[in-house]
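Next up: the structures, one after another.
What follows is chain A paired twice: with chain B in the first complex and chain C in the second.
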Partner chain A sequence: MEKYLKIFQITFAQYFVYRLSFILWRARNFFNLIFLYFLWTSVFHNQKIVFNYTIDKLITYIILINIMTAIVLGTRTTDVTEDILSGNIANDLLKPMSFFKVIISRESADKIINFLFSLVEVLVLLTVFHPKVFLQPDFAAYPLFILTLIIGIAISFFISLSLSFISFWSAETWAPRFIYMTLVSLVAGTFFPLDVLPKPVYNFLLLTPFPYLVYFPSKIFISGVSSSLIWPIIISLIWCILLYRIMLIVWKNGIRNYSAYGR
Partner chain B sequence: MTKMIKVQNLTKIYRTPIKSGNPLRDFFARQYKQSIALDNISFKIGENELVGLIGPNGAGKTTTMKILSGILYPTGGDIKVLGYTPSDKKPEFLRQIAFVMGQKNQLVWELPATDAFELTRTVYGIDKKHFRQTVDNLCELLNCSSFINQPVKTLSLGQRMRVELINSLIHRPKILFLDEPTIGLDIFAQTTIINFIKEYQERYQSTIILTSHYMQDVQRLAKRVIIINHGRIIFDGQLTRLISKYSQEKTVNIILNHLLPEKFHLPDDIKCQYDFPTLKLNVRKEDIASILAYLLKEIEFNDVTIEDEPIEEVIKKIFTSSQNKESRPK
Partner chain C sequence: MALEIIRRTEDNMKRSLNIFWLLTLFSIKTTFQQPTGVIFFLIGKIIRFVIYFLFIYYLVKGTKLLAGYNLDQTIVFFLTFNLIDSLAQLLFREVYRFRQLVVSAEFDSVLLKPYHPFLRILVGGVDILDAVLIFPYLFLLIYFIGKLPGLSLGKILIYSGLIINAMLIATSFHILILALAILTTEVDHALMIYRDFTRMVSMPLDIYREPLRSFLLFVIPVGIMMYVPVRALFGLLTVPVFVNSLAVSVIFIVFSLWLWNYALKKYQSWGG
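Up next, the complex of A and B:
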């Protein structure tokens, strides 16, 4: 266990070496948050309810999305691509450690740092603009929120890592990742809650893994517990297991196929 | 002597895409070429041996080391290292080996080497006292106490290579793979590393497999060499045997006092370069005595040296002769 803690610690230390790039990355997220805040406050300018959302619920949604994006979508698994292509992955393979535990240690450090920064950003927003926010009064929603959040983290992790493992075969991993990122920004709910979409589109999206990344946990936080959540939760669990199996298969075949060029 | 490494009929085939020039075809029906990196090779390496792996670029040296350390899967053959199948990557196996690459960095680029050492300590579960002792020892041997607290990215290549070696040896591996450890280093740094490897092996009795393009490295370190070309072993044995088998000539260098006399005449099959005052002869070993006797009788000189053929020349000869045999279709 100590070794993984050490990796966690070193990943942390690396962030403080590249302060500038990290701060710029957070600045991008912060601008995003401010932009969405202004966008939605102007939409609510002369109406009380838009798409069944009151302003406090919608502002809470975009604040939650900022935090969720940091935890769920913030990732270091993209580095794996470069490690594979450069051959540096051999460093990890040659050591008596579990490759996946190493990745998870780095990932945790990354998520914690991103989470802390997004909290600061949200606090800045709250103190500067004093928006009304909505806190879920039903405490039964909280454990469900945490559960769906964990599922979201797992789904994002498995997809992103599988995409990185493509580099075992080809250097062209950029295109599939680009498609994935585009889909995430469109149908994961990072700009608006997905239930503003027409019902058939929304129901179709619930069959894909994307809504379960950031939208679904945030939705539970805002709308509370209801029986309509059962199916989506089952679907997200199926995706979680399926994507995990796919990731393992891709890994096992990839590592066999690997030729570690450039060494 | 216990066998640390047993390799039997090892074959490795790489599949590489070939570009046909037609992008559509390349995309939808990509053609692949099978290239044989290792062709049915077998060898054994015992405890406390230091073996030099020699061969031109692309001969299969690094592929062999990568398979022995478990990074790559073999296409065929039976490999046992310390009783394990390397590609299983069992922690008990990985705990006993180390792989140092001259061209790649294993340390954390942004942080001081000491942080990487500490990580290595926890990865291999070494107790602090042992760890301190090993690091102090190695730092002293390699003379690098002054810069282990600097971020790795600020180190020179020679300094980096030294801390790289320390980092790989903290867990006292039984088998050490060294892939071009002196590549790109100046003569001083090279000597430091080579002396260190020699001393380390004597002190800790580990098995070392080394590749290098500098024949002096191999000559100074390895008693046994394995020569690979085109994925095949073309020589495996003592370096001295290699020289006696393939090097039939010696070079005689003479510094003359006077111009060569008219009547001076050597047998026709002796290659001779004459540029007053030096006279250079390539003489077959069995003829040395008679030639020297003749020289002493016929000419006056103030210096004479007799040298073995440089090892590079010997190896070059072996490669060319194996190339000629190779011309038959595969």
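Up next, the complex of A and C:
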């Protein structure tokens, strides 16, 4: 356990070595938050309710999305691609450590540091613009929010790691990742709440894993607990298990296929 | 004497165009060496555009107005942003690869070549995939501009002129990033921050409060690039804003070239 804690600490420290790079990355997230804040504030300029949302609920939604994107979508699994292509993964596999635990240690450090910085960005927004925010009065929603958040983290991790494992077969991993990131930026709810879309489109999206990354936990925080959540929670759990199985299959086949050429 | 200078300038321009054409052909060939990547990349770009477009469509259709603009006007803002953004990516894709040249000191070999380094590091990697998408953007733009009331040839000419002005600013931005890459070896985030700023004006600038609005208009002149041309098209552009836009563009171009020259003097070929 201690060695994984060390990896966690080293990963954490790495961000303070490449400070400019990290600060610029977070600045980009902050600009995105500002853009969404002004866009939605403008939409509510002449209306009190838009797509069944009040302004305080929608601003809370984009604030939550900023924080949850840092936790759920922040990832170091992209390093695995480079490790496989360069052959460095052979070194990792020879070490007396669990490959997956090492990745989880790095992933945790990445998520925590991104989470802390996203909190600072939200605090800046709240301090400068004083928007009204919505706090869910139904405390039953909070455990469910945490549960769905964990499911979202797991789904994101399994997809991202599976995409990295593609490099066991091909060097062209950026293309599927580009499509994945495009889909995430649009149909995961990072730009707008998905229920503003027409009902058939929304219902179809609920069958895919994307809404469960950041939209669904945020929706629970905003709308509270209701019986309509049962099916989406079941679907998200099915996706979680399915994607875990897929990741393991891809890993097992990939490692069997891997010859570390060039090493 | 004057004729000799003109002849030499013509020869130089022809030579530069030939080199540009050659580098473009190499870039296209390199792109198509990864056919799967080409397909995925195009699919990704099309999906992104279609979903954003539909989102804006549903959003403004539901709310009727966005910052005082109707649906067609908002879409013209969005399409103008897409056109300028894609043109910039089409021309300046090589800037994304510049960091590697600096840290490996391969930039030395670029500087030694008997042509201007911008031919290689600024426009030497034309991205053909963005060229494919420009045609649908243009088609949609012409369609939605055609739906605007009170359109005149004068407005279209000023709009087109300001789009060219926007491309000059985009060129300056990319030269600035090249200069920063020499000074700090930081390219990726600087480029993405530039693109984030431009994305902020994919919607009318009127959604922002002051002083952010003026900041995006005159300090980081992305507003001049994407907002001012559309305002001219709607007949809402005032003479002071028009004159200030041109002045800011000139200042920005001069500043980027000055910074580039300054950075070149500081280049030490560390990785060589």
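Heads up, the rule we're going with is that the second predicted complex is superposed on the first by the 263 of 263 C-alpha atoms of A that agree within 3 Å, B and C clash if a C-alpha of one lies under 4 Å from a C-alpha of the other, contacts with A are read in each partner's own complex, and residues count from 1 in each chain.
Methods note: a contact is a pair of C-beta atoms (placed from the backbone, for glycine too) under 8 Å apart; a residue touches a chain by one contact, two chains touch by 3 or more.
Keep in mind it's a predicted model, so treat the numbers as computed, not measured.
Participant: Once the two structures are overlaid on chain A, check if chain B and chain C clash or fit side by side.
Facilitator: fit
Participant: One more residue to check, A:132. First (chain B), second (chain C), both or neither?
Facilitator: After superposing on A, A:132 lies clear of both chain B and chain C.
Participant: Could you tell me if A:20 is touching chain B, chain C, both of them or neither one (first, second, both, neither)?
Facilitator: Touch partner of A:20: chain C, not chain B.
Participant: Is A:101 touching the first partner chain B, the second partner chain C, both, or neither of them?
Facilitator: After superposition on chain A, A:101 lies in contact with neither partner.
Participant: On chain A, which partner's contacts cover more residues, chain B's or chain C's?
Facilitator: C
Participant: Roughly what angle, nearest 10 degrees, sits at the C-alpha centre of chain A between those of chain B and chain C?
Facilitator: The vertex angle at chain A equals 90 degrees.
Participant: Regarding the shared-chain residue A:91, is it in contact with chain B (first), chain C (second), both, or neither?
Facilitator: After superposition on chain A, A:91 lies in contact with chain B alone.
Participant: Touching A:7, do we find chain B (first), chain C (second), both, or neither?
Facilitator: A:7 contacts chain B only, not chain C.
Participant: Let me test your reading of the model: by the given contact rule, A:252 touches which partner, first (chain B), second (chain C), both or neither?
Facilitator: It touches nothing on chain B or chain C.
Participant: Just the number, please: smallest Cα separation between chain B and chain C in the overlaid arrangement, in Å.
Facilitator: 7
Participant: Quick check: in the complex, which residue numbers of chain B touch chain A?
Facilitator: 14, 62, 66, 69-73, 89, 91-92, 94-95, 97-99, 101, 103-106, 108, 110-111, 115, 118-119, 122-125, 151, 179
Participant: Considering the complex alone, what residue numbers of chain C touch chain A?
Facilitator: Residues of chain C touching chain A: 34, 36-37, 39-41, 43-45, 47-48, 51-52, 55, 58-59, 62-63, 65-67, 184, 186, 188-190, 192-193, 196-197, 199-200, 203, 206-209, 212.
Participant: Name, in rising order, each residue of chain A that touches chain C in their complex.
Facilitator: That would be residues 20-21, 24-25, 27-28, 31-32, 34-35, 38-39, 41-43, 45-47, 50-51, 170, 172, 174-176, 178-179, 182-183, 185-187, 191-192, 196-198 of chain A.
Participant: Taking the touch rule as given, give the residues of chain A at its contact with chain B in the complex, in rising order.
Facilitator: It is residues 2-3, 5-7, 10, 13-14, 17-18, 87-88, 90-91, 93-97, 255-256, 258-260, 263 of chain A that touch chain B.
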